[in-house]
Amino acid sequence: MAHIIPLNYEQAPLASQAVFDEIKALRNVDDVNNFWKYMASHPETLKRTWESLRSVMAPGALDPLVKEMLYVAVSMTNSCEYCIRSHTAQARKKGMTDEMLGELIAVVGMASETNALVTAYQVELDDDLKG
Amino acid sequence: MAHIIPLNYEQAPLASQAVFDEIKALRNVDDVNNFWKYMASHPETLKRTWESLRSVMAPGALDPLVKEMLYVAVSMTNSCEYCIRSHTAQARKKGMTDEMLGELIAVVGMASETNALVTAYQVELDDDLKG
Amino acid sequence: MAHIIPLNYEQAPLASQAVFDEIKALRNVDDVNNFWKYMASHPETLKRTWESLRSVMAPGALDPLVKEMLYVAVSMTNSCEYCIRSHTAQARKKGMTDEMLGELIAVVGMASETNALVTAYQVELDDDLKG
Amino acid sequence: MAHIIPLNYEQAPLASQAVFDEIKALRNVDDVNNFWKYMASHPETLKRTWESLRSVMAPGALDPLVKEMLYVAVSMTNSCEYCIRSHTAQARKKGMTDEMLGELIAVVGMASETNALVTAYQVELDDDLKG
Amino acid sequence: MAHIIPLNYEQAPLASQAVFDEIKALRNVDDVNNFWKYMASHPETLKRTWESLRSVMAPGALDPLVKEMLYVAVSMTNSCEYCIRSHTAQARKKGMTDEMLGELIAVVGMASETNALVTAYQVELDDDLKG
Amino acid sequence: MAHIIPLNYEQAPLASQAVFDEIKALRNVDDVNNFWKYMASHPETLKRTWESLRSVMAPGALDPLVKEMLYVAVSMTNSCEYCIRSHTAQARKKGMTDEMLGELIAVVGMASETNALVTAYQVELDDDLKG
């Protein structure tokens, strides 16, 4: 039994096709990624997720590459393979080098260790960190 | 019963005092944070963690502010309050503005949602994401 | 080297066969799922897990479909593929439609985002939420 | 140093006040919860989160109480205290009894155990769960 | 509004009092820990959890101190403060020294880092680890 | 597009070859595991991780088998398949029997359930667990 069936453009409801069209136009690609096809049978989720993502990842006080690297770091911490691979690919397109990825991973690893140590030791907040 | 007792400089073994001295000198502070005091009774962990952290967070292909923001994002994803507060404070010292923090948090939130959606839908890897 | 070898009915110790028999009778199936076969070499875990699961999932103040959907939501949050797929299949047998699954996933995604936002912002408890 | 400062209605930017007004009107309350006040300095996140939440939690194929209980279950699995307490309070307002909460928690506990067992045993997918 | 109200012996239903009696007798204590009091209004969960815990933690191929340290390590990884503190206290009663706890924490920290690195690098299984 | 390319000995930079040589000598193996090959393009991470791991896992107040089982328990809790399989294999080499692994898994499962219950019930610390 299939868990959930992804829909291609032709199979998708009209409301989902409209979102596919937007993604393809904005990203200048011929087809959308699987992620979007899995949501196509639930157009509300598809539309809401796409609009939120586009808004959050737009240039702002942080440049898009930094945002993409933050996305990768969160995805690694959440152990989401698809997310790690797809956002790493996006980050490379935006200029992330092998060396930068290597350092990003080193930070993710180190933060995971000290997060665990802080929890294990039950470290109390310093006074100047309260509030 | 105390879980683990943090040690001040005067209470710490010599090997831990030496690490405290290094941290204070490099960071130009009068005292070290609680994190280090909790590890002081186990000098191997203290020394190894300090040396690893110093090395990982040094300037490289990524600038120190970006590294610090990645650290914050991982700590948020791991729900480590102490780590969130202490590394956010570090990031602010390195130039992170309120607006930048607001965008960082928006990315952390959005990535957490799409990570969950990818897992919930069990999205298959696109061919060009394999390997 | 195999991590752990699942055992079929014929290979399982008598104490595990007795549990297999109960599962097959209660669920009216010819064979048990892989989950149970992996525990078959450790009959205490097999028996305890089966009896706990049967008791927890029995009809009560919540109907079995709601319990099954809660199970799916927890499994998605814990990123357990086997658990997501097997409990989604169970929920479908108990009446969950595609539309219901779509809404369940939307809640899981949204809750994951706001959980992350609450942690990132370090939101304090409102007075009426304390205690 | 405060991590992030929550803003009251009077302190919030106009765009955030407008969202506060909507929340107060829809929920028929005098003031909004702390969660919204922490986002008030970043109106884009506040507005987007509120609109997404309102849409996801609206009545649909699942009734609002079931959605709220799913929200509680995800929040428990993510160990978000604020989220557990606030959504449990919401669920009680929508009719969840002590007995229902007790059963919900039993499912969350049991699912967490079997999720861990499946991972620990590295259970392979049954053939009929693939695809 | 209280989230859930813990019950003392006098307030607890008879079925829960019976479990309290068992815990007090087996552990030779005057009163049970808060954990059990929170479950007292739901006797099925209380009884099932106590019986499962007693069975899992009994001496076997692993000695009770090793089991208790494994419990602590899992609780640290799941960031459960109550569980960390209560099971560390149990482990100390069973003979865990400060030095042993220090090493346990070092393993928890290091495993958390390499777990994160494996995920970040998306390391493929070696041939001899498959199956 | 490959996410990250593992490097064999011949492809690795000199600094990484030196670490490979150490691992092969200490472990008395002909080749290193994939884990190390993925880090080979980033020699700082490779060297730091190897030296930390060797130090943390050395005999001390805890014997190496107990450390390895703690490593397995953390890896199971973090759902890291590669880590579960590779450290279980290491633990077997150090003497872990099927029965011991069965009991380890039972503890991991049970701890995961009670961790979830403590969080779900929001259990308050007993007085003697504070501090």
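The first chain written gets the first letter, and so on, giving A, B, C, D, E and F; residue counts start at 1 in each chain.
In this text, contacts are C-beta pairs under 8 Å (C-beta built on N, C-alpha and C of every residue); 3 or more make two chains touch, one makes a residue touch a chain.
Owing to the predicted nature of the structure, the values given are computational and were not obtained by experimental measurement.
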| item | value |
| --- | --- |
| Angular offset of chain C relative to chain F [C-alpha, multiple of 5 degrees] | 120 |
| Classification of the chain D:chain E interface as same or different, half of numbers criterion | different |
| Farthest-lying chain, centroid of Cα atoms versus that of chain B | C |
| Chain separated most widely from chain F, comparing mean CA positions | D |
| Interchain centroid distance [CA atoms averaged], chain C/chain D, Å | 21 |
| Euclidean distance of C-alpha centroids - chain A vs chain C, Å | 27 |
| Inter-chain centre distance, chain B versus chain C - centres from mean C-alpha coordinates, in Å | 34 |
| Where chain E touches two or more other chains, by residue | 1, 3-4, 44-45, 49, 52, 56, 76-81, 84-85, 89, 99, 102-103, 105-106, 108-115, 117, 119, 121-122, 128-129 |
| In the complex, chain D residues that touch chain A | 1-3, 44, 48, 52, 55-56, 128-129, 131 |
| Residues on chain E engaged by chain B in the complex (per definition of touch) | 79, 84-85, 88-89, 92, 98-99, 101-103, 105-106, 109 |
| Residues of chain A touching chain B in the complex | 3-4, 6, 33-35, 38-39, 45, 49, 52-53, 56-57, 60-62, 66-67, 69-71, 73-78, 80-83, 85-87, 89, 97, 99-100, 102-104, 106-115, 117-119, 121-126, 128-129 |
| In the complex with chain D, residue positions of chain F that touch it | 76-77, 79, 81, 84-85, 105, 108-117, 119-122 |
| Chain A contact footprint on chain F (complex, rising order) | 1, 3-4, 41-42, 44-45, 49, 78-80 |
